[in-house]
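Next come the structures, one after another.
Each of the next two complexes has chain A plus one other chain: chain B in the first, chain C in the second.
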Partner chain A sequence: MAGHSNWPEWIYVGVVIAIMCWVGAEAWEAERLVEHVPEGAEIIKVTGQQWFWTFEHEDGTKEIGELHVEKGKAYKFEIHSTDVNHSFNIHDYVVLMDAIPGRVNTVWFAPDAVGEHDIQCREYCGLIHYNMRGTLIVEEPHS
Partner chain B sequence: MKGIVGLFLVLAVMVIVPAVEYAFAAGDEPGEYLDRRVVIWNLFFRMMTIAFVVGAVVSGTMIWQVWRFRESHPKAKPTAYEGTDW
Partner chain C sequence: MVLELQKPRPIWQIMFSTHHTDVGLLYLIMSLGFLFLGGALALAIRAELFLPGAQIIGDAMTFNRIFTVHGTTLIFLFIIPFASAVGNYFVPIMVRYKDMAYPKLNAIAFWMIPPSGALIWLGFADFTWYATPPYSIISAPGPAADMWIFGLKILGVSSVLGAINFVVTILKCKHPDMSIGQVPLLAWSFLSSSLIILVAIPTFAAALLMLLTDRLGVTGFFNPAMGGDPISYAHLFWFTFHPEVYVLVIPAIGMMYEIIPRFSRKPIYSYNSGIFAFVLLSIVGFSSWAHHMYATGMSFTEKTVFMVGTLAAVPASAMHVYNFIATMWNSRIKFSTPMMWAIGGIALFFSAGAGGVANAAMPLDFTTHDTYWVVGHFHLFVMGTIAFGSIGYLYYMYPYVTGRMYNETMGKIHFLLSFVGTILVFFTQHVLGLYGMPRRIFDYPPIPEWIAMNQIASIGAMIIGVSMVVFLINMIHSAGKGKPANPEDPFGVGGKYYYPFESKNPSH
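After this line comes the complex of A and B, so read on.
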């Protein structure tokens, strides 16, 4: 078409592609950061079953419905389920990961203050799903 | 056409290559202690900032186009397709 330039369109296309690349890179970087487990993180095995949570520490200590951790330490949860799909959630620390039968999902966090926080199931898992809760108890470091 | 290829080459060098490099740079070394809440909130904040800016620019452009190219605009000129009998 005479007297007509396509440049504005191409610039628009370029800007859109650049923004999408930037958004993708930012999201990718955030995901990489939150999934990168620090060295020395203690592994806690988390088992979801209708309708309670069981925790097993590295030293073999088991807890049901309550999880004791120390402030300033990193913990890596290895989450699985023995029956149906559940979802392990510590709302106050933005920890959320599905518990799926037959596979182990991992997520890590490092509590930074002493206190008590709710643990709850975030995937509808049957009649008493609403009460599939637990308590995270963050304590001062023992040593 | 050459110009367009050049434009995209420049974009690739400026945006895509550093982003990919940055993401792969982490390697296998252990991660650092960080607060998930902060990382996730920051990402959300930046995404919302860009989303609202883009939304404002796009809707602003559309509103301006509708206002500027309406038939009753004082500077409106008929195009070759529309004929001249108005």
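After this line comes the complex of A and C, so read on.
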């Protein structure tokens, strides 16, 4: 680039770098907030296996394929798998975390409206991966 | 330039030749064959997903095998061998040497590919192109999985041999009058991508061996039941295959660097910034592999590091786009078929890159990860950018290879249908991903938005399928019956090649 002026390209590269810095900073800030688990979040143990989801509440209640939670409460999922990799996903609440054998991954959410949402597996896990689905049922607070 | 098909020769003379244009021709024909095979599998996938419920593919296992072989075929048996075809034809000519540095090694590297293609196709494995453990260890049916592993192993060796050959040809065999700063950008793209291969591939080669011994039950590297860790496979895999993305895309960009100045009738705007961006990409490409793994439970710090590494690759890619646009600016462009493919490819490259920035941003990735967004995103690279650049270059080299011109009208129809089809399929898949549809699913619940998006995508795929028929007819028919090309200036753009060592760009 010697011997001639290239200032439009430098401005352009500068603008691109500035946009990337902005995207990175915003993402960093948002992720930092999202990862902060609120205190007192109720723990739900999530187990993925070929090809269904099992849930265990703090009080020992177990559910298969359906998960009942209360509106307005915060929940922390402790996710693991007993066979191959799965990915626990409630798309409507942007809950996504891999279920990996030998590890426990955590993610939290707090439902803010009563309703039903799909739970699905988002990591390829074999034959019935397409139908490894469940339902999240958000209910009014019990008391 | 050697005219291949004007002097009929017995086929065994081409097959057992070690001359760079003969090996290039073999690469070319084989890669196009796999393009059509892999494309047919894509059409089967899209036909299956047109509606919820089983359509044409009877069961999930067959579907899983089809998308696995589709991905493996088009990446390893179309894109990489096609780039090798172009490199074989053009790199020795561009560095003004009589052949590749090691002609026999060159032929060996080619002849390793058909057996590995046969292993992949006869096995028809089902564990996705990523072969994710522990599924691939404890669940994937053999012998398909083992055949896939051996197939990829052989392909890896072939890639390394090819890469060594390109590096030595460019660095050691170039004409003594020519400095490395005068080598054309297409050859530079092969130098960069070959160096990436040499650094990246050994990691995956090791991972494949570990996967194989894990499958045999003698080790437990990735098997949690034996104390192993599946995440370590993900690191080894993506350490090879994120840089591999640049191995695929850099030669395609190099091909655009050949086409765009030629049809703009102008030298490239900035030769040095092209080299700078190639070198930068091939270094920065190694700093971003774990952005594929945000959802595996990485810490906040790890995610931040890999997000920064990913975003750092964007300015280098953007420099290429700038270079192309600045070259076309104020020039007398001739919109022949190769130029249309190159311009379409740049537009889709930009779109793919913009979508990639969204993936790289940590919180957004949890919306898009492993959904159809990702499928749309990387297909805009592999189809929209790499296949577009490659097919454009195929039209560009066609008169030099066959001595005849392709049919220009059919070439343009092929481009227009493919461009519209690509937008319909892959832009729609981005939206489908935002609606939450996971990748790699054989069937889906009848959610109205999912059905509508899938139907648009399937129609787009059929349009691409039609365009490929036009392409095939054009290629075969014109090779025998096309009008003879003028080897000095087949596209009638006048002037001469503006290689940097011949001419300075007068505009700056």
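Operating definition for what follows: the second predicted complex is superposed on the first by the 121 of 143 C-alpha atoms of A that agree within 3 Å, B and C clash if a C-alpha of one lies under 4 Å from a C-alpha of the other, contacts with A are read in each partner's own complex, and residues count from 1 in each chain.
We adopt the following convention: a contact is a pair of C-beta atoms (placed from the backbone, for glycine too) under 8 Å apart; a residue touches a chain by one contact, two chains touch by 3 or more.
Note that this is a predicted model, so its numbers are computed, not measured.
Q: Just checking: does A:Ile17 make contact with chain B only, chain C only, both, or neither of them? Give me first, second, both or neither.
A: both
Q: Using the superposition described at the top, determine whether chain B or chain C touches more residues of chain A.
A: C
Q: Who does A:Asp112 touch here: chain B (first), chain C (second), both, or neither?
A: The answer is first: A:Asp112 touches chain B but not chain C.
Q: Determine, under the contact definition given at the top, whether A:Gln49 touches first (chain B), second (chain C), both, or neither.
A: Neither partner.
Q: First (chain B), second (chain C), both or neither: which does A:Trp28 touch?
A: both
Q: Touch test for A:Pro38: chain B only (first), chain C only (second), both, or neither?
A: first
Q: Please indicate which partner A:His91 is in contact with in the superposed arrangement: first for chain B, second for chain C, both, or neither.
A: Touch partner of A:His91: chain C, not chain B.
Q: Considering only touches as defined above, state whether A:Thr135 meets chain B (first), chain C (second), both or neither.
A: neither
Q: Using the superposition on chain A as set up above, list the residues of chain A that contact both chain B and chain C.
A: In chain A, residues 17, 23-24, 26-28, 30, 32, 34-35, 94 are touched by chain B and also by chain C.
Q: Touching chain A in the complex: which residues of chain C?
A: The contact residues of chain C facing chain A are 60-61, 64, 126-128, 132, 134-135, 138-140, 224-225, 229-231, 270, 272-273, 295-297, 300, 303-304, 307-308, 311-312, 314-315, 318-319, 322, 326, 357, 360-364, 366-367, 369-371, 435-436, 438-445, 508.
Q: Within their complex, state which residues of chain A touch chain C.
A: 1-2, 4-6, 8-9, 12-13, 16-17, 20, 23-24, 26-28, 30-32, 34-35, 50, 83-85, 87, 89, 91-92, 94, 96-98, 100-103, 105-106, 118, 120-131, 133
Q: Within their complex, state which residues of chain A touch chain B.
A: Touching chain B: residues 10-11, 14, 17-19, 21-30, 32-40, 74, 93-95, 109-110, 112 of chain A.
Q: Could you pull out which chain B residues touch chain A in their complex?
A: Going by the criterion above, the answer is residues 4, 7-8, 11, 14-16, 19-20, 22-23, 26, 30-37, 39-40, 42-43, 46-47, 50, 54.
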